[in-house]
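Which chain is which? They are A, B, C and D, in the order written, and residues in each are numbered from 1.
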Amino acid sequence: MFNFSCDYTEGCAPEILQSLTATNMEQTAGYGEDPHCQHARELIKEACGREDAEVHFFIGGTQANLNIILNCLDRPYYGLFATTASHVNTHEAGAIERTGHKVMTIPSVNDKLTAEGVEKAYQHWLIDPSRTHIVEPKLVYISQPTESGTMYSKQELTDLYAVCQKHDLYLFVDGARLGYGLCAPTNDVSLPDLAQLCDVFYIGGTKCGALLGEAAVLLNPKLKKGFFTLMKQGGAVLAKGRVVGIQFETLFTNNLYRQICQNGMDSALKIKAVLREKNIPLYIDSPSNQQFPILSKAAYEKLSRQFELGVWAYLDDGRLVVRICTSWATKPEAVTAIIQAIKEL
Amino acid sequence: MFNFSCDYTEGCAPEILQSLTATNMEQTAGYGEDPHCQHARELIKEACGREDAEVHFFIGGTQANLNIILNCLDRPYYGLFATTASHVNTHEAGAIERTGHKVMTIPSVNDKLTAEGVEKAYQHWLIDPSRTHIVEPKLVYISQPTESGTMYSKQELTDLYAVCQKHDLYLFVDGARLGYGLCAPTNDVSLPDLAQLCDVFYIGGTKCGALLGEAAVLLNPKLKKGFFTLMKQGGAVLAKGRVVGIQFETLFTNNLYRQICQNGMDSALKIKAVLREKNIPLYIDSPSNQQFPILSKAAYEKLSRQFELGVWAYLDDGRLVVRICTSWATKPEAVTAIIQAIKEL
Amino acid sequence: MFNFSCDYTEGCAPEILQSLTATNMEQTAGYGEDPHCQHARELIKEACGREDAEVHFFIGGTQANLNIILNCLDRPYYGLFATTASHVNTHEAGAIERTGHKVMTIPSVNDKLTAEGVEKAYQHWLIDPSRTHIVEPKLVYISQPTESGTMYSKQELTDLYAVCQKHDLYLFVDGARLGYGLCAPTNDVSLPDLAQLCDVFYIGGTKCGALLGEAAVLLNPKLKKGFFTLMKQGGAVLAKGRVVGIQFETLFTNNLYRQICQNGMDSALKIKAVLREKNIPLYIDSPSNQQFPILSKAAYEKLSRQFELGVWAYLDDGRLVVRICTSWATKPEAVTAIIQAIKEL
Amino acid sequence: MFNFSCDYTEGCAPEILQSLTATNMEQTAGYGEDPHCQHARELIKEACGREDAEVHFFIGGTQANLNIILNCLDRPYYGLFATTASHVNTHEAGAIERTGHKVMTIPSVNDKLTAEGVEKAYQHWLIDPSRTHIVEPKLVYISQPTESGTMYSKQELTDLYAVCQKHDLYLFVDGARLGYGLCAPTNDVSLPDLAQLCDVFYIGGTKCGALLGEAAVLLNPKLKKGFFTLMKQGGAVLAKGRVVGIQFETLFTNNLYRQICQNGMDSALKIKAVLREKNIPLYIDSPSNQQFPILSKAAYEKLSRQFELGVWAYLDDGRLVVRICTSWATKPEAVTAIIQAIKEL
C-alpha cells in the first residue's frame, strides 16, 4: 500500500547514506565543530548568497522553531504574530508557550499573513491606551510553503518584510518544506531572495530528503550572539553534530537538494491535475507538494483502501479534507496508481 | 593523529549503517510509531527484564535529561539533588533551570552520591522550620558510570534507592556511557538490576556506537502519563523517529551493544595498566572507559603532539588532569601507540 | 472632576483603615500565619459554606491568576480555555504564558463561555488524530462578573461545571469584581452557590473596598498540595501577610463586603437607567457595576470635560464604547452629576 | 511575650497610617501613575542623588528579586553569582530558577562576596574550554546588610563593582534591611554612595517601617526598557499602586526612614553589648539589626520562655545559633527585658 500521508515516511536520499558510510570512521570534533559541518555551512551560505550569515543545524522543526523564537524574543513580555493554522500555534504542543512567550494569531489570506494584516495588528497594539499591560509583538512567524502548501510571492514577502522592518519586528521563515517550494513552477522566491527578505529562516532537511535535520540561517546580526549556547541549553545540540552536517553537505553539493525535491513537486502537480480534471474541489489552491482534495466519506474510504492518506479536517457536511503529500521519495508507480484511482472515483 | 579526547569522535557501528541502508525506502509512520521503534522497544524491555517499562527515544543526553527531569518535577517548586560535577549541573548551560527547576548539589564520594548523603540532605530540608519557603527535593540524579568514570556497586545503588523510596524521591540514572559500564570487569549491576533499582534511566547510544540517540526507560508508572506530548513540546520528537529506533533495534539484536562497547573497556584498562606501571598518579580510580592521569605540563605537551586528549582540570601546582577516553571505535593500533608513548614519558 | 474610569481610584473602606490602625502594634507571625489571617480564613469559609476550603491571600488579580492557573496546570503541555476578551488573554502582558502555558480562546456569548462551547472545543481536541501533538485543555477560566460586566446565571454555571467535571477540566472563577456581582439584582449565584460550582475561585478585594488583596478559595482537594510554597516561589507571599488578612477580616465581619459594594451596584443601575431613557445604545447589557454606552465622539468629549471615563473600544463608524465604572466609593453627588450630564447630551 | 524573631512582626510607622487615612478618598490613576507615587519617586531619586534613576515599587523582596534579576538576565543561558546563604539561593523556594536562570554560589567572607572571589569565579568560566556549554555569569547579587547582618564597606563595594564593570556583569544590591544598615555606626556607604556603586538596588520598606513595599532604583540605562510591563507580567503591579507610593512618600519625607530605623539599630547594639559582656559567642560579628548569639540548648530554652526568638542553625555540638532581630518598632521595655534576661543566663 502506497503511503501519501506525509513527506517523512522514508529514510533519506541514498547519496546521504553513502556519505555517512564513507566518513563513518573519521575522527572529528563534536558539537558541530567538525569539517563536514563547516563545509556544509559554507555551501549553504554560498547558495544563499550571504557570506555573513551564521548557520546552525537542528534536528527537527519544533526544536528549530522554539529555539529560534526564544532567541528573538529577548524580553519576557515579547510575543509573536502567526496564522491560526501555523505549526507553532497548533502542532507543537505549546512549545513556544513553554519558553514563556505568547503566540498571537492574526487573520490570514490563503493561510498567509499579509503586510496589511501585520500592520493592522501592530497598530492595534500601538494605539491601545493600556499598551504597557499587553504582550508586545516582536516577531512575525511564517512558513514557506505554508502548512497548507500555499506560497508567498516575492512581492508579498517584500511587503511583509518592509512592515516588519518599519516596526522593528523580526521576520522568521519556517522552511520545513522549502525544498519543494523552491521547485514549484509558480515560485518566484529564490534562496538568495529569501535570504534578503527575512531576519532568520531555516532550510528543511527532514521532509526534503535527510534522515533528520534543519539548517537555520541567521541573517540579522542581532540574532547571532550566543546562539550555540542557547541551543545547547535547549538540548538541541548533537554531540555528533556531523550527523546533520554531512547530510547538508551532501544535499548542497551538486544541487542535490533541488534535484531530489523536484520529484515531490512533479508528482504533486500530476495528482493535482487529475483532481481538477475530475472536478474534485480543492480545499485550498496549493502550488506545492501537498494537495487537499475535498472528498465524500465514500470516496475517501474507497481511496483509503489502496493508499494511506492524511485527514486534514472534517467538514460539517460530512465531507473530508484529505491531504495527499508527495516527496523526494514518491515512486512513479505510486503516482500512476493514485491517478488511476482518482479517475475511478 | 589518534583522538582520545572523547567517545563521540566517529560515526557509528557499521551494522547500524547497514540497517539504515536496508530499511531506507520502507514507508513507515512517523514520530516513533513505526515497526522498528516498536521492535527496539520490545528488545530493550526484554534486555531489562521489564515488560511493563515504557521506552522513549531521545536524540541526545541533554535533551533526555531535561525532559525526564521536567516530567518528574511536576510541581514548580520541586528540585533535584546531584553532584557538583554532574552533567546537569555543569555542561548543559542551565538546561534544567530553563525548565524552571533548581539543581541542588550535595556532597559526593568519588563523584557518587551516597545513601547517607541523600538522607542527610533530605533531613536538612525536612527539619528546616522555614521548609515551606525552600525548594522541595523530589528527584535524585546520578549517572552510571559517572562523569569521571566511577561506578555504583549494586549495594550502593540498592541503598540509594531505598533512601529515595523512603522519602518519595525519584531516582533517575543517566546512562550516557552505560554500555562501557556494563562491560567493566568490576561492575556488578546488570541491566535487569538497574531496571529494578531506579524509577527511570536511559541507555546511551550516542557515546556507545550509535550516530545519535538515547533510550529512556520509564519504570515508575507515575512517570508514564503524557510523556510523548511532553517530549513533543520540548522539541525532542523526531518526525522520522525510526532513525533512532533502527539504531537501537540493531544495537539490541545479538547483543551488539555489549559486544562493541567491550572494545572501549578493554582499551581503557590496557591504558590504565600502563599508567599504573609508570606510577603516573590518577585523579580518580575509574573502572570504566575514561581514565584521568595527572600529568606535568611537559608530559602533557609531549603526549599531545601525538594524540588529541581532553583537559579535565588545571591543578594549582601546574599539573593537568588529562582525560583519555576510549570507545567502541578505538583502534588497536591507537591503543598500542598511546601505551608506547606513555611508557616513554 | 469625578472619576468613573475604574473601580480602584480610591483607597479603602474606612473600617479597614480603622482595623489596620487598631492592630498596628500587635506583634504577630509573618507570611499569613497570624491570627487575623486565620480569622479572615474562617470567616470566608463560613460565608462560602465550605469548611473544607483552603483560603490564601494574594495582593492582586494577575498574581492570583498566574499562580492559581500554574497550580492547576501540573503538566507542561496543559493549557486553558478562556474568552478572547478575558483578562488572562489580554491585560496581563502574557503572565500565563510566562508560566509556560497556553491560553486557548474559544467562542463566547455575551463574553461568557458556554457549556456547549467548552464541550465542542474539548471534543475538537479529543477527536484530533494528532491529539498527542497538541496542547491538552485542563482548565476553564471564567470571571464573574466578566470583564464587560455580564454575569453567569446559576443554571449556566451549573451546566458549565458539569461539562468541566465530565472531562476532568478544572473550573476557575476570577472574582475580581465579585462583590458587585453578588449585589446585582438579577444575580442568582450566591457565594455558597459559587463555592459548589467550581474548583477554585477568588473573592476580589482590590476593586471591592480593600487597599489591596484577593482571597483565593481552593475547593478541589487536588489543588491544595503545596500551594503556599508555589505562591512563595512566585513572589506572591507578603512577609506581613496580615496586611491583607486584616482587610478581609474586616470585610467579612458584619457583612461589610456586601454592604459597601451595594453602593457600586446601585450607582451603576441609576446611570444605566438614564442611558436607557436617553436611548443611548449599550455595547453589552451589563447587570453589574460597569456600563458601556456607545457614544459619538462629540458626546464623549462633552462628557469627558466633566468626568474621567474609560474608553473600551473604538468603533469603525467613529463612535466610542465608553466604560462608566462605579464602586463602593462612588459618591451620590458624582452619580447625580453624571446623570444630569447624560440627560443633557 | 516580646517577639524578637524577625523585623516584620508589627504593622507600620504610625505616620504611614496617617498618610493612608488622609489620602484615602482621593481619586487617582492606578498602576503607580498617581501623584503620590510620582512624588515618592522624586523624593527617592533626590535622596539617592540620581535624578536619572528610574524608581519602581514592589510589594516584597522575593517579588523584587525575581523581576529585577529576570530583567537583567536577558539571554536564557545567563546566570548569577551569589553567596550560598543568600536569600535568592535559599528562602525564595526557587523563585529565580522558576524564571529559568541558575543561581551559582561562590565562596564568601563573612557572608559577603569579594572582588577577588568574583574575579576568580569569572575567570574560571572564561578559561573553560567548554565555556559555550556552561551558564554564562551576567549578574552579581549581594545584599546590604547581608542575610546575617554583615555589611559591605565603601571600599569593598567599590572593588566589587569595578570587577563587575570590567566583565560586563550587573551588580544588584538587595536592600531589604537597608534602613538599618544606613544607621549602623560602622557604615560608610551612604545612599548616594550606593547609588553610584551598583546597577540596580532596592530600598526595603517591609522590614523598615512600611506595611509592605520595596522601592527598586534602576540606575543602569540598559535596565530601564519595558520594566513596567515585565513587572505587570510577573503580577508585581498593584492596581492601587499608590498604596506603596504613599508609604515611601511618607518614609522619605523629613528623613522618617532613617529616623525610625535608628531605633532598630540602637536596640540591636545594646543587646550585642550585653552578649559580649557575658562572653556569649557570636556566630558572626554583625554591625546591624540582627544579632546571632550561640546558645546552649538550656540557655535558649530559658530565654524562649520569655521571648520569641529565631533559630538560625543547629550546631553539631548541640548548641544553637539564635537570631535576635530588632526593628523600628522594638519597644524600649522589650530591650530592657531581654538585656536583663541575657544577664541572668
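Note that contacts are C-beta pairs under 8 Å (C-beta built on N, C-alpha and C of every residue); 3 or more make two chains touch, one makes a residue touch a chain.
What you see is a predicted model; the values in this text were computed from it and never measured.
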Centroid comparison with subunit C (C-alpha atoms), farthest chain: B
C-D or B-C, whichever has more C-beta pairs in contact: C-D
Centroid distance [mean C-alpha coordinates] between subunit D and subunit B, Å: 42
Distance from the mean Cα position of subunit D to that of subunit C, given in whole angstrom: 34
Centre-to-centre distance between subunit C and subunit B (centres being mean Cα positions), rounded to whole Å: 50
Numbers and ranges of subunit A residues touching at least 2 other chains: 76-77, 92-94, 98-100, 132-134, 229-230, 232-234
Residue numbers on subunit A that touch subunit D, as the complex places them: 31, 70, 74-77, 99-100, 132-134, 136, 225-226, 228-230, 232-234
Contact footprint of subunit A on subunit C as seen in their complex: 76-77, 79, 90-94, 97-103, 127, 129-130, 132-135, 311
For the subunit A and subunit B complex, residues of the former touching the latter: 2-3, 6, 8-12, 14, 17, 20-21, 23-30, 59-67, 92-95, 98, 206-207, 211-212, 229-230, 232-240, 242-243, 308, 329
